[in-house]
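Everything on this sheet refers to the single structure shown next.
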Amino acid sequence: MSLEDAFADGPAFIPYLAAGDPGYESSLAYVEALERGGADIIELGLPFSEPVAEGPTIQNAVVRSLENGMTPPRFFEFVEDLDVSVPLVCMTYYNLIYRYGDDPGPRPFVEKAAAVGIEGFVVPDLPAEEADPLREACDEFGLDLVFIVAPTTRGERLDRIMEQVSGYVYVQARLGTTGAQTSVSDQTSSSLDRLGEYDVPKAVGFGISSGDHAERIVRSGADGIIVGSALVDIVATGYEHGDDAETVADRIETLARELDEGARAGASQRPPHPERT
Amino acid sequence: MSLEDAFADGPAFIPYLAAGDPGYESSLAYVEALERGGADIIELGLPFSEPVAEGPTIQNAVVRSLENGMTPPRFFEFVEDLDVSVPLVCMTYYNLIYRYGDDPGPRPFVEKAAAVGIEGFVVPDLPAEEADPLREACDEFGLDLVFIVAPTTRGERLDRIMEQVSGYVYVQARLGTTGAQTSVSDQTSSSLDRLGEYDVPKAVGFGISSGDHAERIVRSGADGIIVGSALVDIVATGYEHGDDAETVADRIETLARELDEGARAGASQRPPHPERT
Amino acid sequence: MSVDGTFGDYGGQYVPEALMPAIEELNDAYERYVLNNEGGFMDDFRERLRDFGGRPTPLQRAGRLSERYDCEVYLKREDLVHGGAHKLNNALGQVLLAKYMGKERIVAETGAGQHGTATAMACAHLDMPCEIYMGERDINRQRPNVFRMKLNGSEVNPVTVGRGTLKEAISETMRDWATNVEDTHYVIGSVVGPHPFPSMVRDFQSVISEEARTQVREQVGRLPDAVIACAGGGSNTMGAFAAFVPDDETRLYAVEAGGSTLEVDSEAGVAPNSASLTTGSEGILHGARTRLLQDDDGQIMESHSVSSGLDYAGVGPELAHLVDTGRATAVNVGDDEALTAFHRLSQLEGIIPALETAHAFGYLEQVAGPDATESADADLGELVVVNVSGRGDKDLESAIEETYERDIDIAPNMDEFTGGL
Amino acid sequence: MSVDGTFGDYGGQYVPEALMPAIEELNDAYERYVLNNEGGFMDDFRERLRDFGGRPTPLQRAGRLSERYDCEVYLKREDLVHGGAHKLNNALGQVLLAKYMGKERIVAETGAGQHGTATAMACAHLDMPCEIYMGERDINRQRPNVFRMKLNGSEVNPVTVGRGTLKEAISETMRDWATNVEDTHYVIGSVVGPHPFPSMVRDFQSVISEEARTQVREQVGRLPDAVIACAGGGSNTMGAFAAFVPDDETRLYAVEAGGSTLEVDSEAGVAPNSASLTTGSEGILHGARTRLLQDDDGQIMESHSVSSGLDYAGVGPELAHLVDTGRATAVNVGDDEALTAFHRLSQLEGIIPALETAHAFGYLEQVAGPDATESADADLGELVVVNVSGRGDKDLESAIEETYERDIDIAPNMDEFTGGL
């Protein structure tokens, strides 16, 4: 199933977790719980030591995962060990992609990612201007390259990104970094408006934390929702309290379901749009 | 008795103590002990808060005396209360002389000093260049003005000083500040040589601490010896140990006698000098 | 450099999309105000550098060093710039630019606190609100600098994630910028980060070599055989090199922190040095492609140096390019050598250098000192300019601690300071 | 001044005879080298001031102060001199002179440590052995400065007698000089002491006003209406005034430390201020006749000020004379006002001043600030030059302590610094 297909059957629910957080086995369980909760695509973070685009929640997840020995090779094993059927998007920073393999450049990483079944990438520190090499490798191995569009992205920049994007566009709901929030920002609606004319699914992320929240976002016109910090929070709390992995996985599944249902509810309330399938 | 007369009968022994060190009454007793020990002239220190020409021993004496309330008016009372018959020289710094009385200038201080029976002054921070006003007041009231000649004083400077000096000249035995030492410095002999031609008694001070020491100084040609720190040391030790004033006075008298006898012994070993009486 | 901000393979703009519009706006302002002096920006900047910053700084012949090294040693005295280091050249330029751009708020990161204090000073001078991010561990190590920033009216935000040092502070400042990008300018402290920062910071710092080049010709009548500067991010380095780059006969030495050893513990992700030019490899960090201390996977390593201002895993892309192309030479000086040089300069010339700066002098000793090995193949020539990037007042506590630990033999007896100042 | 070193009734040479030959020798050297530039001494001095010292220092328009005080405020930036204060101008001059005189050893006294560090720097630069006397209490209060002197290779001798402060250190240095007068020069730290020191130190410091006078004419096109400088011993004061003395239209303000109050406790021999020009009387101290804080008997009083560099019972004789004759005006600023001014300058201009210097700015606020009383009768005019005698890095600890104690309302929140740095 390709990434774009995941949007065919109503709004896509796209949860994020950092691979290996807090440990290898528990993390496998948590990611699998996402699928049970209704995930249409899963964004799987490969932790980088300098996660400049993340807020404190995901930053701490990255630290936990790294301390537990997560590396790019382990990440690929992790993907192989995962028992999920929805498409996986690898979210990581460019240096890890660039440094993988014997020669610098993104090709070896993409080749390996394709081999383990990854369908696409989100690379928060790789703007369209610098993306050509990765874009080429993705094309070669048939992977999608998702770009983030920020509330500040307009005009020419937007065109340039939309020319390169594939799979879906990650609509950043508000300025700042990742992290759970409770209100729908004005920035979200105006971003969706600006993106209206482009023919690619629009998934909104940054700060979605509840079913109600998801519902409102989709009602405003999003084709999907991306949820990270709210889910990572569950992992963090479970880790801090020493809860067992099964309990934590259940909580994750529960929130996932709430989010997924919220998104669906939002879609049903939406005025029909001829150009949207 | 004038200061110069004190040199008539053999070498003059000129001890120094700080008035009021450590207390008013005890200090009276110590000064009186100097006379019993054979003093020919007594240099009585009026403590100044910034005794720049003194070493640590006398500095500390100054601190003790000031803390006990010594002031210029008290000093004059002290002199009046003293029961000694040898001439007294007041040793102090110029600011105290300058500030005494209603009008700035040395005259009121000198007038008062004369009235209480002081015979002369030594003012360590008043070089000949600045001494005219004090010299005039001394002349008016018939007091002597003793100057210090340092090992570095030569040529014109020496002449200038010797024109102004009266009573005796205070030959500084070595460079530095006051303080007990044990050897006779080469600087002493060469200073005495330089002063040979001037017709005024030469008293050597700075660092004389024992009868033997006194003997050698006088043997080298001094007309008198000035001893301060070695005597002040006795006061300091007595004060620190809490010894009673009588005991301390006895010790002072004993050292004074040793010094006086040393000086006399030195004189008897001296080749007869026609120009010295 | 090319107009797109790449230096050979290095440079670029590897930043989150949210920042790109701001970076484009900045790039536009850089071209207008800095490169084309629109609105008289550069005149205004140079006047403030002179009156507020204390420029030009002297180029001083170091008599006793010249004797020791048997060549003419000249010192470019950036330690005399207001605030005590070259850092103000850049901070003042950027804060002024932000003002011209209509920004209303400044954020900055700082490690040792030098860039933070420089930024705080510039912001007070230009009446701009300022927030500075600083790792909690650095805050505890550099309390006087924290206090100075506060005195100048800046807020200092402790960064508690990770190890609480410069790396984390940079990430945190980027986050603030990403959140408040519309009214806020991020004053980066060295020739690092996405384009236009490396070029812009270099341009602001180039005043060092522009002055030095004129001064050395006036005072000695010729160009130097060598220019030596320490390199952390590389801003004093690029500043000291820039005007000399076209002078082929002048050799350029970038002295990195050799730390305790050049060996790297890749397993632990720790480099006991900050020698990214010497021991690092190509990668992408904090917005640019450059040379980095990284492990085999591309994770950034903890760097180490006795001088916190050199303690950074990356280096400016332009400097990396100059080294790769052979125009500049990367060398390094270890902690012990740097500390010894710190004491030597203090004693011989009456200039207490920053520990960063001391590395540059350590190199002079390494290749021209009495114990220089035969294999020290650098030929400094007869006329050497050393950039005194900053003064050491900020480093007194570290100097005490580290001198004891390392038992530096030329150090004065400091027994009374064992407990610190 | 007259050639004999008197200024009206002030000045003179009230020193022990043992020192007189050295003082005559110094006077001779002063006339030959300083006044007549023998052997190119003054050229050598000026070149070193430039290259080693960082001169000329800027005359900076202070934008935000100018706005606050509704007049043009210009700052003479002596805080940018190497070492952080005007003190080096004098120390370098004297150590160089000692070298020309063939002396082989330097002694100096220091209170706050600024003169000591300046002397230590000059001695390292000129390769002269140096011993510095410092009261034990001051040593404990100014540890960073003690450490800096040691780093520069000087010995620091603690003075334990009395209260262990500047007064005692001066006496002790005089004693050392009296003992070693033949090969040793005593570098006095201000325009005090016996002739030729007051004239000589003034001449070395006059570079401040010589530069400022030229700069203000170049930058503004006219002479200032007022020059303001703080006054301890008065060396930055005389330095800032000297070239303007013949300019009758320029008013000169010497700002003394008003301490906690101008009331004097004559009984206890304590003046809670250091305002010898305002509250003192004529007397003789440390070699000169001048205005002093003394009790009715002529005993010198303990002075007090929040800034240790102003904490001295005397003042330079020439400055006392300028005030007596009406050419200069003595005013004073208390501890609280000075501390407030310290914070204000830091916040408004990005310059953290020495606490001494802050007094000069306190005066500006006193007479031109928003709360200036009607009775503030000083008319500063429209163009004011303030001498920024030094930077405040040395005062950070005191600033913390004193700001808390006095609860200065414009101070930043410094809770995290209650325990000191």
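The chains carry the letters A, B, C and D, assigned in the order they are written, with residues numbered from 1 in each.
Operating definition for what follows: contacts are C-beta pairs under 8 Å (C-beta built on N, C-alpha and C of every residue); 3 or more make two chains touch, one makes a residue touch a chain.
Note that the structure is a prediction, hence the values are computed from the model and not measured.
Averaged C-alpha coordinates put the centre of chain C at 34 Å from the centre of chain D.
A straight line joining the Cα centres of chain A and chain B is 97 Å long. Per-chain Cα centroids separate chain A from chain D by 65 Å.
Annotation for chain B: no residues touch two or more other chains. If you draw each protein chain as a dot and join the dots that touch, you get a simple line with two loose ends. Across the whole structure, chains are in contact as follows: A-C, B-D, C-D. On the chain C side of its complex with chain D, the touching residues are 50-52, 54, 57-61, 63-64, 77, 79-80, 82, 84, 120-125, 127, 143-144, 147-148, 150-153, 343, 346-352, 392-393, 396, 399-400, 412-414, 417, 421.
Interface of chain B with chain D (complex): residues 48-53, 55-56, 59-60, 63, 66, 71-73, 93-96, 98-100, 104, 124-130, 147-154, 157, 161, 172, 175-177.
On the side of chain D, the complex with chain B involves touching residues 12-18, 20-22, 24, 161-162, 167, 170-171, 174-175, 178-182, 269, 282-287, 292, 294, 296-300.
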